[in-house]
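Below is one structure; the comments refer to it alone.
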């Protein structure tokens, strides 16, 4: 079977699950999305690409944005960054606040909310025009100038996210936030609100799949060494309390978002993005997880 | 020995400890206080009173205010109140945020910060003019019209208390805060900022020592039954993670504040207030604790 | 109403609850008990006593035994004891193992299982013939030579209590157990297996209600000072995660056991024991709790 | 540089660290080991091998044995196994008992002690002669008939491991242990006591590096699919609370033991084992970690 046959076969196999789970509904903009959608985009480093369904429909990338902010922050701060954020799996999603208290305001890793809020703080301090820089960085990564923030999503997110405010104030209490809480949360929510398609994401993540020459933009360089570090963190921390499960079932470094997107890479081989809004109880796309599991099984191309 | 002799003897015995510990210094207004002060006021229900040292100097009552807000909230809401706040000891001070997360936004008891923030929210909702009502209530309780808020203390407290903001947003996240976080924290800090002397406190707490006729003010009535409930909570929860120790050493229901004040009562017998700004590592006045321990030992008048 | 009328009235009022809850059934000997029993014995320090129902039926005292072992251990070791056990409320029942791990093997207080296992270890080390001494001590306290261990209960308890074994090994790991785990658990289970009636318990606890002359037996002396300390701990820690609730509703120092017994005292006034096997979900006798709540309400004789 | 040059260069670079840390000393047999040793064995799937220092010296494999017991248990039980053990990273080492309590006796993953104790229980139940089978399995994997248990290590381990006993009884309490605690702990300690050299380990782990034909022994078959699953778990859970760090620095699935050994694999390329007894504070070999970090950096051959 060639790749196109494989992804079509995958689509058939996951169809029975298309009514399972439901989309994120904590903000109106996400609740309004038609949940019965599925898209997939596979981008081989060798050049070809394969696609399926709504691969060109843009959706809210949410937590996938944390990979981009980590890439920028790590490029600017280097090892210094790890004084303010750890790189260990957090164990469980719900206890991030608990760990944050026990561990005196050092978030367990950059992909839990607490960690990504610190990343936002770093970017606010280090960049001259953070919002502009971030969106240009993402556009350059994916080669699509039309990618943009959704201020509607950002606004409604910020206005109702009391839990993130609680986390941010706890970070502030522990002297791990230099900017004003309001400003950090605003920027954090803006980054989460970016809308991209599977195609955009798969193209953006080729930079993490060690494409021949390192991606560079505005002084941020994704060197091989840096990309490997980020992939390692995606592998152990990319799926909250389902990181082990994803590693076990799919066997690729990846990152998910509550918008229903998942992106994963196979170093030196390919990047792949899937999207379907209905989530399992741990906040990861049900059809997306299944599609990726089938993909690495059918191609025998996991990293393990 | 009569009471006056006893309290003078106590003063001699605790003098060696007068340089131990240090006062709260997280806000300038508290850090500025001369730490080398001690006051004591004993108010017998039979009428006599005994005093010592700076018994008439006003200081920041801080957490002692939580007894007053509980009295008002319990009088207004009755049993309903216990749907939003528990009445069990919290175990340890530092983990209030942890417990709050595990227990879905229901504070363990009214005397940890989380619980008192909910009390502030209740008062904001139920009272027409909460700030005015609260201070008039305290003035009436202690019979001193000069008692007032310190807006300097309240302001600097609010502007730096990131931990309270974190707690309040977590409560909001769990739907246990009806008013705006800013408003609740402002009122909470105002109540903590009230300044009273040992004499004021001892007089105010006669109402909790079951004086002959129940205190009543503006519709808030401290019935015998209600006062007993509040005393029971002071006994088990009045001293954060030192509640057991205080119960063990002193054997009276009481409440402390980081301003260095402690007030305690012996039902149907007396109320007593002590004050000294230097605190032990758990935030309770060192000389105050020792004075009360000696008092119940020398008079053999603990409740146990 | 005199006391006899009061306790009869109480019995009427609690009757509607007599089918609520169910007895402990984790060991056959407890599961076999007829659950539909109720007994009460009130012992005034002035001399009179009042009784009701099955006040003379013996039942498994279980955790009430911890008061006796604390009394002996505290008398022998004095303040030294508090190096191995704390005196703060534990917060919640289920997390005693959690706290024990966080707090490096120092049990929060003597009335959680971990604390009482340390007490058993102390007695094993300090007494020549611990089993004989303990039962003689209890017999002397209650003036009833027929009180005895139930080796059937003790045996089946020990053979199935994997949780206590887990706790004991964790204590051992933290160097807070000097004897062999098997020996400590055997003695611990023996003490829990003692069978006493409400009458026996009420009489035994007059020693904690500060009867005119301190009880003394085999070198163990229950001085006023010591008794006050123990009462203080009963007040804050006597009912696991319901200590605050019991303090709030009943307002007396007391101790419960999963056999359905509860004993409480009013210093210098009375001791009272109630028994009914059906338990609430926190392991305390439903009818017993209600009876004591009504008793202090109707007599207005709580300590607060 | 060819591989031999690389490993010699690595040895030079890590030499400055050879006095850092200290070996495990909680049992005499481990404390007696000369700490100043280092060995390395690289086994390419293509056939060649490279070695350095004490690569042929046998040492206590300790937790590395958990990979072998997982392989057997997973082969026998299949997906059923995951009803009794999770596959998520545990967060931190020290709280395994805490998580076990919160999560009702289901260990977070097979590589924390609690999980491996359940594995031992599975093997005891499923195999006719567990001790014999296990050692034969390990001998077959590494092609060395001389590999054996150290009953001295096993015995002293079992006699002092109160923490493992505490964990095992907690598992038993939660009905997640079918055999007697003593028997399970004995077998668990036996498996940890196996002594192997770097050469033995590297050879044994070629089966996990997806060698051309699946390893099979006594009905246990290490299919490609099974091996990938095990590698995924090594990646996320192989180094206790340093799993993220190892993934970040080294970028290979691997497993460490407190005997100072670490083994890691690169799927379809190589297996590598290092050994040096001095440990960092998280229980992983200092020189071993550094050697592997340098190896994947210098060869650019991590999986990411």
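The chains carry the letters A, B, C and D, assigned in the order they are written, with residues numbered from 1 in each.
Here is the rule we go by: contacts are C-beta pairs under 8 Å (C-beta built on N, C-alpha and C of every residue); 3 or more make two chains touch, one makes a residue touch a chain.
As the structure is a prediction and not an experimental result, all values here were calculated from the model.
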- Query: Among the chains, which is located farthest from subunit B on the basis of C-alpha centroids?
  - Reply: D
- Intercentroid distance (Cα basis), subunit C paired with subunit B, Å: 32
- Chain centre separation (subunit B, subunit D; CA means) in Å: 55
- For subunit D, residues contacting two or more additional chains: none
- Based on the touch definition given at the start, go ahead and assign the chain network to line, ring, star, complete or other. ring
- Query: Where on subunit B does subunit C make contact in their complex?
  - Reply: 86-92, 99, 108-109, 224-225, 227-229, 231-233, 235-237, 241-245, 247-248, 251, 253, 267, 297, 300, 302-304
- Seen from subunit C, its contact residues with subunit D in the complex are 94-95, 97-98, 101-102, 162-163, 165-170, 172-173, 181
